[in-house]
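There's a structure below that I have some questions on.
The letters A, B, C, D, E and F name the chains in turn, as written, and every chain counts its residues from 1.
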Amino acid sequence: MKIGVIKEAEDNRVAIIPSSVKKLKSLGFECIVEQGAGSNAFFPDLAFKEEGASISDRTAVIKHSDILVSIHPLDLASYKLCKKDVLLVSMFAPFNDKDIEKELSELGLKALSLDMIPRSTLAQSMDVLSSMASVAGYKSILEASNILPRYIPMMITAAGSIKPARILILGAGVAGLQAIATAKRLGAIVEAFDTRSAAKEEVESLGAKFIEVEGAVEDKGAGGYGVEQSEDFIKRQRAEVQNRAMNADIIVTTAQVRGRKAPILVPKETVAKMKQGSVIVDLASSTGGNCELSKDKELINHNGVWILGNSNLAGKLPQDSSTLFSNNIFNLLKHIYAAEDKKLNPEDPIVQGALITMKND
Amino acid sequence: MKIGVIKEAEDNRVAIIPSSVKKLKSLGFECIVEQGAGSNAFFPDLAFKEEGASISDRTAVIKHSDILVSIHPLDLASYKLCKKDVLLVSMFAPFNDKDIEKELSELGLKALSLDMIPRSTLAQSMDVLSSMASVAGYKSILEASNILPRYIPMMITAAGSIKPARILILGAGVAGLQAIATAKRLGAIVEAFDTRSAAKEEVESLGAKFIEVEGAVEDKGAGGYGVEQSEDFIKRQRAEVQNRAMNADIIVTTAQVRGRKAPILVPKETVAKMKQGSVIVDLASSTGGNCELSKDKELINHNGVWILGNSNLAGKLPQDSSTLFSNNIFNLLKHIYAAEDKKLNPEDPIVQGALITMKND
Amino acid sequence: MEQFIAVFNENLFFIYLLIFTIILGFEVISKVPTILHTPLMSGANAISGVVLIGAILLIRTAGSDEYLRLILGLLGIILGTINIVGGFKVTDRMLDMFKKKAK
Amino acid sequence: MEQFIAVFNENLFFIYLLIFTIILGFEVISKVPTILHTPLMSGANAISGVVLIGAILLIRTAGSDEYLRLILGLLGIILGTINIVGGFKVTDRMLDMFKKKAK
Amino acid sequence: METTFILNLSYLIGVLTFVFGLRLLGSPDTARKGNMLAAFGMTFSVLVTLFIPMDDAPNNYLWIFTGLMIGGLIGWRTAIKVKMTDMPQLVSILNGLGGACAALLATTELLPYFQGTLEMSNVQLAIGIFALLIGLVSFSGSLLAYGKLQGLIKDSQVKLPKHGIINLVMLFTVLGLGIVLSFFSGPSTMFFIFIGITLIYGFSFVAPIGGADMPVVISLLNSMTGLSAAAAGFIYQSQLMIVGGILVGAAGTILTILMCQAMNRSLLNVIIGGFGSAGGAAIGSDSDGKTAKTISVTDMAIQLFYSQSVVFVPGYGLAVAQAQKTVKELEDLLDKNGVDVKYAIHPVAGRMPGHMNVLLAEANVPYPKLLDMDEANDILPNTDVVVVVGANDVVNPAAEDSPGSSIYGMPVLQVWKAKNVIVLKRSMSPGYAGIQNPLFFNDKTKMLFGDAKHTLSELTKEVKTL
Amino acid sequence: METTFILNLSYLIGVLTFVFGLRLLGSPDTARKGNMLAAFGMTFSVLVTLFIPMDDAPNNYLWIFTGLMIGGLIGWRTAIKVKMTDMPQLVSILNGLGGACAALLATTELLPYFQGTLEMSNVQLAIGIFALLIGLVSFSGSLLAYGKLQGLIKDSQVKLPKHGIINLVMLFTVLGLGIVLSFFSGPSTMFFIFIGITLIYGFSFVAPIGGADMPVVISLLNSMTGLSAAAAGFIYQSQLMIVGGILVGAAGTILTILMCQAMNRSLLNVIIGGFGSAGGAAIGSDSDGKTAKTISVTDMAIQLFYSQSVVFVPGYGLAVAQAQKTVKELEDLLDKNGVDVKYAIHPVAGRMPGHMNVLLAEANVPYPKLLDMDEANDILPNTDVVVVVGANDVVNPAAEDSPGSSIYGMPVLQVWKAKNVIVLKRSMSPGYAGIQNPLFFNDKTKMLFGDAKHTLSELTKEVKTL
């Protein structure tokens, strides 16, 4: 079977890297790689060749692949060139792009959406959302601290004492946790908030402070589960978060809700009260942003406050994130083609979750 | 006495910040600040006014100041507008700009060069070289890790294991040490090298590894001082450094020798052998660079290796470095005008060291 | 009471000795790390086999035809010896674990 | 030698007692932290003032006109009492330092 | 005169070897020496007792040597052949034999009196009865303890309802009979009845006690044997027996108390017993009814300290407990003793990629000590002890061998291939994936429950005493 | 009969209070109780001795109570008024008085014999001479020790050349005389000569010993007093004196040995003495000839543990020693005991801006514990102990008060305003600026030499035992 690897249009990453080419080969897959596909991630064509891939132009790759892998989906026109029984592998994001399922079905193509892989323990080695969110969380702090006109760590020096920066992480999923870890490393005072009940423990497991508000309702009878909180409590909690936000030097927001617009966690008024030169990094900008003012893929300065909207920060660490992405793809292909006859097993929960078209084909 | 503060032409910093204005006032100094002088460092004019400074246009500031403070020297034309008995305070760098002394003398102006302040324990609170080098060292790692397409820390994840980055610091002065500290924080494996004999202890005091070569000549009779090393030893040492450089993900070079061109520590051949996507940050680029290929104030990519030449990285952390700079200036002025009659004491070792014209005036 | 006082006064030093023995018994053990509890118990057990001495004296002084005494004494000797020999040996085996490794 | 053996056999329990006392003296002290050396010395010193008992017995049994004995005994009592009272008190003051703070 | 002197001196030496032997037994470094010393003193005293000239004593050496040979052989062989894990039983039975010996002596000396062929003073009588009573209880109690530990007898087979009250009643009966016999004498049948009831009482005394409390009882019985030996010593006027017996009695008593303290129980609580057979019930059991085994901090400390290689497997629990520095401290201690310590990092341990790396970097664990999954799986089969610190899913063998499991197919750390596995967690509850972990029921696995940070710092404390 | 019983019982109780008192004195938590217990037992025994009915004893209570009152008053007042720093002297003189008391008793009992008015057995005689000898040595030796510690007598004033040999000769003379007197009797002049020479020997014995060794000698003399009390006990047939005295003698001996061990010396080395008056010479002295004082790890540990507030001042030496984690460990321990611990960071401490911040962040010292210079200088005057860890220039008072100094005018941490300063460094060598530091010669300052990491970890060890 031939696996096609495409050069991403607006991303420095590449979906499959040379070392995976070799491993795939040992499983019986052959790779055709578009010219220059890996160059922005510092994987030159030569490296692909050395590991046994063939280099072709884009159309050839698309036309001859049995499995066509890309990070972002291609345009429909390109997909029309594909073989009939091709398997498209990409982050189709059917939750955000509501039409994609229908369009691909109409073309009669089998599409496996990487962002639909179930988030089970077993599937974690194939979960690109996790690995990319992790990179993004790390990168968000590096970007922010590079934009921030101030130091992160405390410094008591002959030229004056610098207080440690305060960094606020809103949304403590994979990206948020990685951001917390990185911020702590740099010496910041880190606080975090999330609505999930498990988040507190997770945040504290990294040594950061979880923002809590007194007076939470606890129902001993509920067996440890959270119970509905009072209106008043939620209000105070929100106020508390806003309070910390105003004193923060850096805010990283990562809160996303599948298939819906991202919740607004940093409204205009909060931004207006922030310190000059402070930085907001909004990882949810592609789905509307957690900050009211953020613009996707842009760094803006709003009255002295920097706001970076970028949901694709993983693309800014292209070499390692390509490596991780490629490993995920390898693990995925290895798993779904594990059967002797190299056929997809429609019963497999991962295939079931991720296959967005032609499920019963 | 009036202190004039100029908006820097090519730098985001400002030499005096609002809080220093206030402190200077309590010593009897008045500040006139050029419009927008602090805006790039996130100190708006309003803040200056609130602390008691007056805001003027550039010419007015230059004309009315008794002490004219700037980070970088102004052009001679501007200096011509000054009062006759003005004290110019700036980083004139007479070691690099050999003419400046003569030119200013000819104009009959008293100039105090900040980079000529003696590096004694006492003068450390006025030493802008130290404070700015410290910022630059910190920033060099942030910049480099932001350019690097890879992670710095080790990561063992479901999508593969990432090895920790290797960071090599050449020149372990103030900037180098700060770079070491920052790199260690981010989880890198750090190695450093310097020619000063005290450097080993200093590097190790930060928990990093000092690059040593076996067979150093040690003369017990020399009382602990280093002795001349054999030609062969120096050669092996250089080879050892080159070896580490080739395996490094990031190299930060900071080696400078006063009044001379910076030594070449990373020759072309080494760069050619470095990994794809690796980064060199050359803090010595303004005096020719420690890397043969570096270009001052430019980020270039040489066959897949990034080379950032920038000797002014402190300017990229404008708010805090302005604060530190301003504190240095305040300490300096407080020290040199400590006498009742607000006259410079020509005997003072700091005045003696830093005054580059009209020493006996 | 009279009798008690007499015994007390007469055997004063012996009573001192008993009390001191008890204190000493407490004292030597009181700071023992938990890990040594079992070997210590085993060692103490072996020492309590000292009752063998009594059995030996019993037989040595028994008439050669007092078979009941002799048989009971023989049994006593066997039991006591098992206690002593087995006790010390097994303690030694337990303590073998604590041999320091060459560092 | 004869004499020695006789004394030994007669005073067997007393000899046991002496030996056990010595062992006990060693034992109670042997694990003392360095910081307690001085107070312990001081406390032991106070206890050695027990010789006062002898001085009291001396006077109590001295004839009311044996002035030499009485005067020497008086001196003994004074010295012994100073040793005891001063010794315990000063030890107490030293140990005052170790009062645990309210935590 | 001179022989008395020699005897006295020899016994004095014997006593001193016991004192110093016990003392040396109190510290790991010298314990072996202490045992040897006491053994030497014992041998010496026995030899002196054997050969010291006695006026017109029949000696009967044949009887004696026969006894010594038989006893010595049996003792030695048993001690050599017993399995390490069966030691407690052995100690128990040995102790019972000692008690029996004392009881035998007492019986032999008392019998003529009750048969009316000998006169005895009240004091002698009382002491004899005391030696008999204690020796008998120690004997029958130790026998039952042996049976229980060896698995021959189950707790439920010998435990009666209201056993505490029964024991109390029996105790008073035995004591009452003893007092009557000592002070008012009685017929020889009464003497035999006394022996019978006392034996039953010893049995009954141990019957309700079980599980983790057995060592305490053995220790208690042990100190009883010491006392009975001392009492027997009075009969034979042997200082060695008296002082040695009392010494063992005292040491045994304090040891018993220490053991109770180590289990956070009172001695009374143990003896009245029954309730609280040490946490065994709190532990879950798997579907086959297998139960997880626990290990004590002390035993674990020894095991770690004296092993060649240890691998820590950190998981989310390490992060929750924030125990990274503590584990590092333990590592340092082990390292110093020459143990080869590594960390095995599973790719999905924790709750974010690289979670463990972040923590261990914070604790300054050097990179070369961190193994990723493949490296770890290579060395695990040759590892002496694996310590799983708050990890669960990532060491779940179900991922390899139960196709039905939701994590089947995920590569995991094969800790069960190591020689020993110790799991530190707070309870039997599952991890993130919510599935049971058969590892906990593996024969090689021992559990140590509690917050990881607390457990680890207890461990470091214990290791420091080694 | 009954009074004997009461006396015996009381003395038994007295002995037990001594045993347990000494035992409790061995642990910081119980030491005070132990002292009280022994004091109680002593009072009780004295009272019993006073009032127990004695057949036709003249009693002479007036004499006794006069003595008790005078002695009690003097003892109490001295003990109350003595300064903490003068304690060792006091213990020494008190001990001397005890020795004198024993010697007096012995003299009183022996005098009639030597005057020919009383017969005595050899054993009694020997024991009396023993009590006398030991008591006298203890008395005169303690007096000299007192004089030396109080500064009344300088080592050089009493130390003769070849003092070791002189002492040896005197020792043999004294012993010889004693033996002659015990076994062959002699005229009363010989008895008095014996007393005289023995007194001189006690003096001479202590003469060559000096400095840090004094406590050891006092302890040794102390155990001697115990033995003399025991010997005197034989004269009066008092078990309390005998057992109590021997107990103190044994405890004192082992204590003496422990003290020597703590100083890494042997007892013999101390007694032969002279060489090695504990490091004093290695320490530099400033221009006025003032010398720096050192402190022991133990004393420092106590001082830290029992103070209210401690401020650490880290400097470049902390970085060189890589002692950041160790200092944090110590902080944690102190913190647990309620000590308020802070860190004072001087702006130029270390070799790069923020050097200390980097290190302390690595050790996870929380930010609120870090004070910058101004904050620190505010609280330093109210700080109990400042611990300077490898800092030098940044705590140099010359910056404030010697206009000639190259760092004159630089603001520094005013550690000398705190109540106590302890400086941890390896030697007296200067820091980066290359200038001497008068702080080291300040009256409040004590030095503790050694690598900071090593010293700090010794400190934590010691603090853990508190």
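FYI, a residue touches a chain if its C-beta (ideal position, glycine included) is under 8 Å from a C-beta of that chain, and two chains touch if they have at least 3 such contacts.
Nothing here was measured: the structure is a model prediction, and the numbers come from that model.
Q: From subunit C, how many touching-chain steps at minimum until you land on subunit F?
A: The distance in steps between these two chains is 1.
Q: Tell me which chains count as touching both subunit E and subunit F.
A: Common contact partners of subunit E and subunit F, which must touch each of the two, are A, B, C, D.
Q: Specify, for the interface formed by the sequence copies subunit A and subunit B, whether it is same or different in terms of residue numbers shared by both sides, with half as the dividing line.
A: The interface of subunit A with subunit B is built from mostly shared positions.
Q: How many angstrom lie between the centres of subunit D and subunit E, each centre taken as the mean Cα position?
A: Each chain's C-alpha centroid was found; their separation is 42 Å.
Q: Report the inter-centroid distance (CA atoms only) between subunit A and subunit B in whole Å.
A: Their C-alpha centroids are separated by 38 Å.
Q: Rounded to a whole Å, what is the gap between the Cα centroids of subunit C and subunit E?
A: For subunit C versus subunit E, the centre distance works out to 19 Å.
Q: Among the residues of subunit E, which ones contact at least 2 other chains?
A: Only 19, 23, 243, 347-348, 353-354, 358, 361-362 qualify.
Q: For subunit A, jot down the residues that touch at least 2 other chains.
A: Residue numbers touching two or more other chains: 124-125, 130-131, 134, 153, 155, 157-160, 162, 185, 187.
Q: Where does subunit D touch two or more other chains at once, residue-wise?
A: 13, 16-17, 20-21, 23-24, 27-28, 31
Q: Where on subunit D is subunit F touching in the complex?
A: It is residues 17-18, 21-26, 28-64, 68-70, 72-103 of subunit D that touch subunit F.
Q: What residues on subunit F touch subunit B, complex-wise?
A: Touching subunit B: residues 316, 319-320, 322, 347-348, 350-355, 358-359, 361-362, 393, 399, 406-411, 432-433 of subunit F.
Q: Using the touch rule from the top, collect the residues of subunit E that touch subunit C in their complex.
A: 14, 18-19, 21-23, 25-29, 31-32, 34-36, 38-39, 42, 45-46, 49-50, 54, 57-60, 63-64, 66-68, 70-72, 74-76, 78-80, 82, 84, 87-88, 90-91, 94-95, 97-98, 100-102, 104-105, 107-109, 111, 123, 215, 218-219, 222-223, 225-226, 228-229, 232-233, 235-236, 238, 240-241, 243-255, 258-259, 262, 296, 298-299, 301-302, 306, 337-338, 462, 465-466
Q: If you look only at subunit B, which of its residues touch subunit F in the complex?
A: Listed in rising order, the residues of subunit B that touch subunit F are 120-122, 124-125, 130-131, 134, 137, 174, 177-178, 181, 184-185, 201-202, 204-207, 335.
Q: For the complex, give me every residue of subunit C touching subunit D.
A: Residues of subunit C touching subunit D: 11, 13-14, 16-17, 20-21, 23-24, 27-28, 31.
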